[in-house]
Amino acid sequence: MSDVILDTDRKGILTRISDTLWRNPRLTILLLLTPPALWLGVVYLGSLFALLVQSFFSIDEFSGLIIREFTLKTYAELFTPANFDIIVRTVLMASAVTIAAALVSFPIAYYAARYAKGKWKAIFYLGVMLPLWSSYLVKVYSWKLILAKEGILNWLFETLHLSWLLNAYLSLPIIGGNSLSVSWTGTFLVFLYVWLPFMILPIQAALERVPRSMMEASGDLGATPAQSFRHVLLPLALPGVIAGSIFTFSLTLGDYIIPQIVGSSRRFIGQAVYAYQGTAGNIPLAAAFAVVPIVIMGIYLWVAKRKGAFDAL
Amino acid sequence: MTSAVVFKGVSRHFGSVRAVDEVDISVAEGEFFAMLGPSGSGKTTCLRLIAGFEQPTAGEISIFGQPAQGVPPYKRHVNTVFQDYALFPHLNVLDNVAYGLMISGTSKGERHRAAEEALELVALPGYGSRKPSELSGGQRQRVALARALVNQPKVLLLDEPLGALDLKLREQMQEELKALQRKLGITFVFVTHDQGEALSMADRVAVFNEGKIVQVGKPEDIYYRPEVPFVADFVGSSNVIPPRITEKVTGTWTTAAVRPEAIMLGDKGLPAKVRATSFIGTSTRVSLDLDGSQMVALLPKGQTIPEIGEHTHVSWAEDDIHLMEMTDE
Amino acid sequence: MHSDRASKGLKIAAGLGLAFMHLPILLIFVYAFTTEDKSYQWPPPGLTLKWFGVTWNRPDVWEALSLSVKVASISTVIALFLGTLCAAAVSRTRFFGREAISLMVILPIALPGIVTGISLRSAFNLADIPFSFWTIVLGHATFCIVVVYNNAVARFRRTSGSLVEASMDLGANSFQTFRYVILPNISTALLAGGMLAFALSFDEVIVTTFTAGQQQTLPIWMLEELVRPRQRPVTNVVAMVVVLVTFLPILGAYYLTRGTDTVAGQGK
């Protein structure tokens, strides 16, 4: 070994392949990327494209067969009053859930980012992580139990002799209903519950990046704690809120299971997609409906990007 | 004497940036060769070209007479001590040092014995079972050195190996490295931005600026006889004297360099005004204004320190002014 | 904010928030022991262990469980392979289209699940692919890649660079470097990513309803029970077991990546 400085004689199939890869860094990248790019490109982008294609087909009203010809007729159907109602309803629900999630998340994220230390930090972290990752259906199911007529919430109101309050609330139009489990309030609560961790984590990440000294500087310059909060912390936390809202908004837009299990009979976008592709067999209309959340999220992401929300992801 | 490393017109471009620009080097076998320059001057890229992490855009590199074109790093019996040491965090110290031997297929007992010996060489016997994260900066540096040396390389490349150490440790390691190099007789190519380090350790120094070598020579030559103003200024901050002043003293229209410690203040010589003085331990630093050009003098202990604003005269012994080639300055 | 102590109001709000997130799940645990089998009566009229036995003897639960485990295992293996390759390429060098690759990996999880679901279904429909075990896996592996990718890419960034160069400098070729340096350094991140991918696949229902034919994964079985309850106590027991089973990989992933990278949350 001591005499050979450049060991160009070293052979072996692996060494030879290694040599080739080393001489062609681009080939290495290409080899690494080909399998995942093929998978995502063919399976996923291909499918999205298939969806897009289908949305430009239409359905023959008499035979129920899909006509594979380009038309905008299916998109026009989205604007019939019944369908347009579904879209508006879903966007309103997504907005309400997003705003509520931001309000509920803030104290948790703020406490976890600023005050929790050591053991408590870990507890807060897992306290958000475990609900985030526990089964979606189980979470929805738990609310079916909570909101049921004979369930814990009604029992609580009865025990506290507050049933009149609940009944008064349920008699309100739109947000009320026969019982909580078939009202939009119920749907809203479940959405809020299920997507809450998705809002907490980005806000916490954004708040953790605010240096402690910045709040002290603000106080030092004569701001009251409330003023510091309003003028320093809140603007800095905003990208986190926007990042979180991307999740809550998108997830609410596309969900069809929650309103099906807890809610009134009036549909959301997800249910419409599910129903049209399933029993109705109207895949073009289902596809067109599915394009709606993509477009809404596209606009939302574009606005969020301009506000710098992606740094907090 | 054979040349260990030879560069012939070597360039390395990154896009439009000429990191290394037509460099010629010849490092002799057994030499301690330093590459000195500010950051971004191309010295580290030259080291990486020798190691094989980079390929030249143009020119030829040969190592012990063999062309290194297209030879990957793992086929070069050249080893590197990295600036951040790059110790493998998942291996203990012994396995870190034995890594090269393991790859070359040396048996476990043998490579561990060799690794122990290498650790002894760098004064870390018995540290084998520790993890790199449990070591101090100086100890990590020694492990990195042992890991390279255990492979008995013909050329050892050192990339600012002392940069992360504090001053005292750095001075100690400078002496140890130099002694080790003499003892082993291995060619060392040493990259640094610290002129003191380069001058005190190397047999020869190459000064880099903007991808080019501006001067190669023995430390004394670099220090006392800079060929260009950059070297005069960068290596030990000589006073660079503009031609119009040089002409007054020597009669030659050229740029010249005078070391601060060679400057005498008194009644004779060129008139100057004292701008500032500062005490720096063994001597006092005096900033002077000399007919519109700046100059620095270092006065040893015991000399009278002039007042700020005082008018004085500047002179030096005839030997102490070094005329440089005319450049665009 | 001048002091390091939180105000009482903030403490209460944060505590209530955490309670809101955990109480509903804990409620399931109580319901698994109730003696009532016709309604969701609260408080439970009595407690019993009987439903655990009943559930144990239900073949449909076992079939759904075994299908879910099979799908999650194979999807995880595929996602580990593809996600690691992608992370290696992206963290290795800057190349044209890097951003596009990152976006493509994240897209299946960023878009609403129903979009992914209906897209896959319409693609299967256009290509005349019949629903099978493999159509489920195809969907699951696609959205699991991002979880592995997120975990691996953070670790690759810390591992690559001079460690890889040091290994090559000491004589190791690319494969030896991968085997002796890269793999040991990214293994815990991969394990964590794999666990999370498994949990994600094991729990998925929205995409699965579009890509499964007659087969029932455990979440689909649960969804059926939610829409058309047959034996409520069995659902309660299954729900509790699912919660406990998904907690294990999450805790495991947390301990594996603790103090090193940010864990997982972004993944889901």
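The first chain written gets the first letter, and so on, giving A, B and C; residue counts start at 1 in each chain.
FYI, a residue touches a chain if its C-beta (ideal position, glycine included) is under 8 Å from a C-beta of that chain, and two chains touch if they have at least 3 such contacts.
Here the structure is a predicted model, which is why all the values come from computation and not from measurement.
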Third chains touching both subunit B and subunit A | C
Pair with more cross-chain C-beta pairs in contact, given B-C and A-C = A-C
Most distant chain from subunit C, judged by the mean position of its C-alpha atoms | B
Interchain centroid distance [CA atoms averaged], subunit A/subunit B, Å = 56
Where the CA atoms of subunit B average out and where those of subunit C average out, how many Å apart are those spots?
-> 53
Round to the nearest whole Å and give the separation of the Cα centres of subunit A and subunit C.
-> 15
Scan subunit B for residues touching two or more other chains and write them down.
-> 72, 74, 78, 104
Contacts with two or more other chains, residues of subunit C listed in rising order = 173, 176
Touching two or more other chains - residue numbers and ranges from subunit A = 18-19, 22
Sort out for me which residues of subunit A touch subunit B in the complex.
-> 1-2, 4-8, 10, 18-19, 22-23
Would you mind writing out the residues of subunit C in touch with subunit A in their complex?
-> 1-2, 4-6, 10-11, 13-14, 17-18, 20-22, 24-25, 27-28, 31, 39-43, 78, 81-83, 85-86, 88-89, 92-93, 95, 101, 104-105, 107-108, 110-116, 118-123, 125-127, 138, 141-142, 145, 173-176, 196, 199-200, 203, 205-206, 209-210, 219, 222-223, 226-227, 235, 239, 242-243, 246-247, 250-251, 254, 262-266, 268
Touch list for subunit C against partner subunit B, complex | 162-163, 165-173, 176, 180-181, 184-185
Can you check the complex and tell me which residues of subunit B touch subunit C?
-> 51-53, 72-74, 78-80, 82-84, 86-90, 99-100, 102-104, 147-148, 151
Contacting residues of subunit A [partner subunit C, same complex] = 14-15, 17-19, 21-22, 25-26, 28-29, 32-33, 35-37, 39-41, 43-48, 50-51, 53-54, 104-105, 107-108, 110-112, 114-115, 124-146, 148, 150-152, 155, 193, 196-198, 201, 205, 215-216, 219, 225, 228-229, 246, 250-251, 253-257, 260-261, 269-270, 273-274, 277, 283, 286-287, 290, 293-294, 297, 313
